[in-house]
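As written, the chain order gives the labels A, B and C, with residue 1 at the start of each chain.
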Amino acid sequence: MTIKALLGGVAMAAIALPGLAQAETFSLWVRSDGSEFMPKLVDAFNAKGEDKAELQIVPVNELVQKYAIAAAGGSQPDALSLDLIFTPSFAQAGQLKDMTDFAKSLPYYDSLSQAHLSVGTYDGKIYGMPFSADASVLVWNKNLYKKAGLDPDKAPANWNDIRKAAEAIGALGDDTYGFYFSGNCGGCNIFTFTPLIWASGGNLFEDKGAKATVKTPQMKDALEFYRGMAKDDLVPAGSQTDSGSNFFAAFAGGNIGLTPSGSFAIGALNNQYPDLDYGVTYLPGKDGDWSSFAGGDNIVVSAKTDEDKMPAIEAFIKFAYSSEGQTILAKNGSLPVRADVAEEALKGLDSRYLIAAKAMDKGRTPYTPVFNDLINSLNGPWVNMLNKAFFADSAEEVDEAMDEAQEEMQSIIDSSR
Amino acid sequence: MTDGLMAVPETPMPTRRRRRRHSQWNGLLFVLPSLLLVTIFFIVPLGMAAWMSLHKWPLMGVPRWVGFDNYERLLTDKSFWSSLWFTIEYTVVITIGLLGVAMALALIVQGQGKAISAYRTIYFLPVVTGFASAALLWVWLSNVDTGLFSPLAQDIGLTEGRVNILANFTPAFWSVIFMVIWKMAGFYMVILMSGLQSIPTDYIEAARIDGAKWSQRFRFIIMPLIRKPFALALILCISGSMLAFDQFYIILSGGPRNQTVTAVYKIFNESFISFRLGYGAALSMVLLVILLALSVIQLTFLSDKGPKK
Amino acid sequence: MNAVTFSDQAMAASAAPTQRKGRLRYHTLIFHATSVLVALLFLAPLVWVVLSSFRSPAESTQPPIPPWPMDGFSISSYDRLENFGQSVLHYSGNSLFVAVGTSMLTIVVSLLAGYGFSRYRFPLKGLAFVLILSTMMIPFQSILTPLFLLLAKMGLQNTLIGLVFIYTTLQLPFSVFMMRNAFDAVPKEIEEAARMDGVKGWRMLVQVMGPLVLPGVVTVGLFAFLNAWNEFLAALVLLTDQSKFTLPVLMTAVQHGRYGSVDWGAVQAGVTLMMIPCMILFLILQRSYIRGLTAGAVK
C-alpha cells in the first residue's frame, strides 16, 4: 500500500514537474581542494530555490583526465569548477561554452578577479569566470622565530632575510629545519616558486604562452637560492621526493621555520593546528618587491550542456558572487573573487586573510594551453628541471637542467600548435 | 561374408561424419563466449588503437588523419627509447632476481611436512596482496620521515642521519626490485616447485650414490628436468616485467627525474596525461611488436631445444 | 598426484641410510633456521602495516619502530578512513561486487572454453586458442581509451558491470589455458565410461567433468577475484563517478591527501583493509589453489 502510494506520488511529481516551473538540476564537479567550501555553497544554493546543483568532488590529480574521458564518452558534467590554469587548454579543445555575454552583463563585472578572467579568455572570448581564489604567500613559524632569537613580527622582505632566518632556525636542533619546499612537485612550485622569479623581474612564458623563457638570470638565481638551502641541510631530506603530498603538512608539523604556501593554509592551520603561531607575508623578490600566483578555480560550462540548464547555472554563479556566497567562500578557505565585496566577505575573519587578498590583487597567472604537459605532469620538463637543479651538486648541473627544460618546453609548445 | 565385411564399415560412415560435424559445431559453441569477450573487449579496441595511431587524436576535440607521422616522430623521441631501455634493464634485473630467489625458495618448499607447508604458505602470502596495495605499503615503508627503512637504518647506525632512499636512482630502483621480489617470488616458487616435485627421487638418489656433488646434481639433473616449468616462469616473468607500470607509478611516479619511466608508463603518460591518444597508440603498436618478437624468440629457444614430447 | 608419490618415495628414502643420520640432523637444523628467517622476512612488511594501522593519530606520523601501538590500541586510523568520501563499507561493497562478478563470469566462460578446446575439434581451433592467449602479450593500458569509447557506445561506461566484462577478458588467457590443461589431465576413459552410462552434453560437463577439474576452477576463480579486487588503473580511468570507486582508487585519493598532507595512518588502515580479505581467502583455499596452479605449470 505505502509503496504503491509512494510510487503514485513519484509518478505524479514526474508528470507535474515540467509544467510547474523551470526547476533544473545541473551536475557540477569540483576538485578535492574545494571540498571545504563547495559543499556548503551548494547546500546554501539548493536550499534557496527550485534549481538544484548536484555536486561531485573529484580527486585533484585526476580531474583533467576524468573530465576529458567523460567528455569523450558524453558523460561530462554540466558545469565544472576548473583549476583556472586549465581554462585555455579546455577552451582550445572546444570543450567550453562562450560566456562572454553573461559575464559582461553582470553589473560588477569590473570587480571580478582580473587574473582569473585573463586566463579565462581564449581568442577574445570569455570561457571561464572567477570562482574561487587562492594566492601564494610566505608563512613563518613565530614560535620557532622566538626560540631562535629572531623578531617574530618582522616579516622577511627579501631572499637574504629568508636565508638568515632559516639558518638561525635550522641551528636549533636535529629535528628542526629552516625552510621547506616540495622538491618534486611541479604544481606546488609553479604556485610558490615562480613568484620569486616574477618579483625579481623574470618571467616563465612570453607572448601568450608561445615562448618559454626558462633560461634567465632570475631563474638561475632562484634555483641557486633553493639549492643552497637544500645543500646546507636547511631543508628536510623528504623534500627531494615530495610530489606535493607534504606541501602543507610539513609546515603544520611545527618544526619548519618558513615555507612558501597558499592562502588556503590560513584556514587549514587555524582549524587543524590552533597552537601554531604563524605569520603571513608576500613572496619576496631577490632584493625586495613581491609577487604572488593568483590561483584557484574558474567556473566553466561544458560546450554540450543543454541550453535549458543555463538559467540554473547562471543563477548559481550569481549566487556565488553575491555577498552571501562570497562570505561562504571566504569562511571556508577561498579568497573572495569579487573585489567590491571582498572586505565585507572577509569581515570578522583572521586579519592574515587581508594580506592574502592583497597578494591576490597583484597576483599573476601563467598563460599556456599546455599547462598540464609543461608544469603539472609528474614527468614534465618543469618538475624535472626543478628537482634536478634544487638538489644539484654543482652550478653546471643547474645550467644543464635549465637548458634541457628550455628546449623541451619550447618543443612541447611548438608541437601543440 | 565379403559382402558383410564390406557393409560393416560403410554403414557407420555417414553417422560418424554427421556426428563429427555436429560436435564441431558444439565445440565452437563452448568456445564462443570467450571468443566474443576477447573480440569485443580486446580485438576491436586493439584495431581501434591501430586506427588511432594514424591520427592526431586529442581526447578533447576532433581527430585528424596524419598517416605515419606519429611513427616518424617516435623514431626521434628520446624519452620513448630511454623508457624502453630502462624497461629492458629492469626486466633483466628482476628476472634474474625473481627466478633466482624463487628457485631457492622452491628448493626449500619442495618437500613434505607441516613446517615446510607453512613456509610455502608464508612465502606465497605476499603474492595475493595485489600490486596497488603492495606498492602503497612500500611507499610508506620507504618514506623518509614516517617510514621504516631509513629511520631503521639510522637507528642501527647503518647511516648517519636519514637517507631519502627514493631520491636517487640506485637506492630507489633497488627498493622497487626488493618490493617486486618480495611480492612475486612466491608465485614463481610454486611454478618451479611443481617441476621439482615431478622429478623422480630415485634419479637424484642414484646420482647421490654415484657421488655427484649437490651442485652437479642441480646442474645436470634438476635443471634439465624442470626445463618446462622454468620456461613457463621465464616467459611469464619477462612479458610481465616488460609491461611493468604500477610499482613505478605508485612508488616512484617515474622519478627520480624520469629515470624510472617504463615503456607502458610512457604510453600512459602520452595517452592519459598529455592526451595525445594517437601518438600513445603508435607507441603501443611498437611495444606490441617488440613483445611479440620476444615471445617468439623465447618459445623457439626454450621449447624446441628440449626433448620433444 | 605428484605430491603423493613424492612423499612416499621421500619417506622410503629417508628411512634407508642410518649412517648419515647425524649429518642429516645438522643439515635439518640449518635448513629450518634459514627457512624460518626467510619466512620472517616475508611476513615482516605485512605484520608491520597491520600492527601500525592500530596506532594513535600522533603515533602514526612517527616511524613505525616498534610497529605496535605504544600508547594504547586505537582504531582512529580506520575512523578517519571511514570519513573519507562515502563510507568505506560502500567502496568495499563496490570492490566486492566487481571481484565476485569477475570471478563468476570468468569461471563460467573459461570452463566452457577449456572444455571446448580440450574435447572438441573444430575449424580454426588452433587460431582461436592462440588468439585468446595472445591477448596476454598486449598491454591493456594501451587499449584503455578505445575501451572507454566502446563502453560508452554500449551504455556500460561508468558502471561496475562494464568493469567486470573488462576484467574477465583480461583473465581469459590465463583461465582458458588453465582450464584446457585441467580438462586435458582428465583421462579420456572416464568420459568414455560416463558416455557408456548415457551421460551426455551439459550433464557430462557439470556432473562428470566438473568435480574432476574443481582445483582448476578454484584457481581460476581465485585469481579472477584477487586480480579484480586489486586492479587499479582501469578502475581509475573508467570510473568517473565517485560513488562507483573501488578500494584501490579510493586509496590513491587517500595517499595523495588533501591540502598537501598525507594521512599515513589512513593509508595503513586502507592497505590492511585491502590485503586482509585476499589473505584470508587464500589461506582457506590454498590447497586447491596451489595444486591447480602447479597442474597448469607442469603440462
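Descriptive notes on the structure:
Rule of thumb we're sticking to: a contact is a pair of C-beta atoms (placed from the backbone, for glycine too) under 8 Å apart; a residue touches a chain by one contact, two chains touch by 3 or more.
The chain lineup, named per UniProt: A = Multiple sugar transport system substrate-binding protein; C = sn-glycerol-3-phosphate transport system permease protein UgpE.
Model, not experiment: these values are computed from the prediction.
Put simply, the chain farthest from subunit B by mean CA position is A. Looking at which of B-C and A-B shares more C-beta pairs in contact, the answer is the pair B-C. The distance from the centre of subunit A to the centre of subunit B, each centre being the mean of the chain's C-alpha atoms, comes to 41 Å.
Distance from the subunit B centre to the subunit C centre is 15 Å, each centre being the mean of its Cα atoms. Across the assembly, subunit A contributes 65, 69, 72, 246 as residues in contact with two or more other chains.
Taken residue by residue, subunit C touches two or more other chains at 61, 145, 149, 237, 252, 255, whereas all remaining positions touch fewer.
In subunit B, the residues that reach two or more other chains under the touch definition are 59, 143, 145, 272.
Partner subunit C is touched in their complex by these residues of subunit B: 20, 23-31, 33-35, 37-38, 40-46, 48-49, 52, 59, 105, 108, 111-112, 115-116, 118-126, 128-133, 136-141, 143, 145-148, 151-152, 155, 182, 186, 190-191, 193-195, 197-198, 200-202, 205, 228-229, 232-233, 239, 243, 245-246, 250, 264, 267-268, 271-272, 277, 280-281, 283-284, 287-288, 291-292, 295. Contact residues on subunit A toward subunit B in their complex (touch as defined above): 65, 68-69, 71-72, 90, 93-95, 184, 236-238, 240-241, 243, 246, 372-373, 377-379, 384, 387-388, 391. The part of subunit A that touches subunit C in the complex is made up of residues 32-33, 35, 56-62, 65-66, 69-70, 72-75, 182, 188, 244-249, 252-253, 264-265, 268.
Residue ranges on subunit C touching subunit A, taken from their complex, read 61, 85, 145, 148-149, 151-152, 157-158, 236-238, 240-242, 252-253, 255-262.
Considering their complex, residues 2-3, 6-7, 9-10, 13, 31-32, 34-36, 38-39, 41-43, 45-46, 48-49, 60-65, 108-110, 112-113, 115-117, 119-123, 125, 128, 131-132, 134-147, 149-150, 165-166, 168-169, 172, 176, 226-227, 229-233, 237, 248, 251-252, 255, 264, 267-268, 270-271, 274-275, 278-279, 281-283, 286, 290, 293-295, 297-298 of subunit C touch subunit B.
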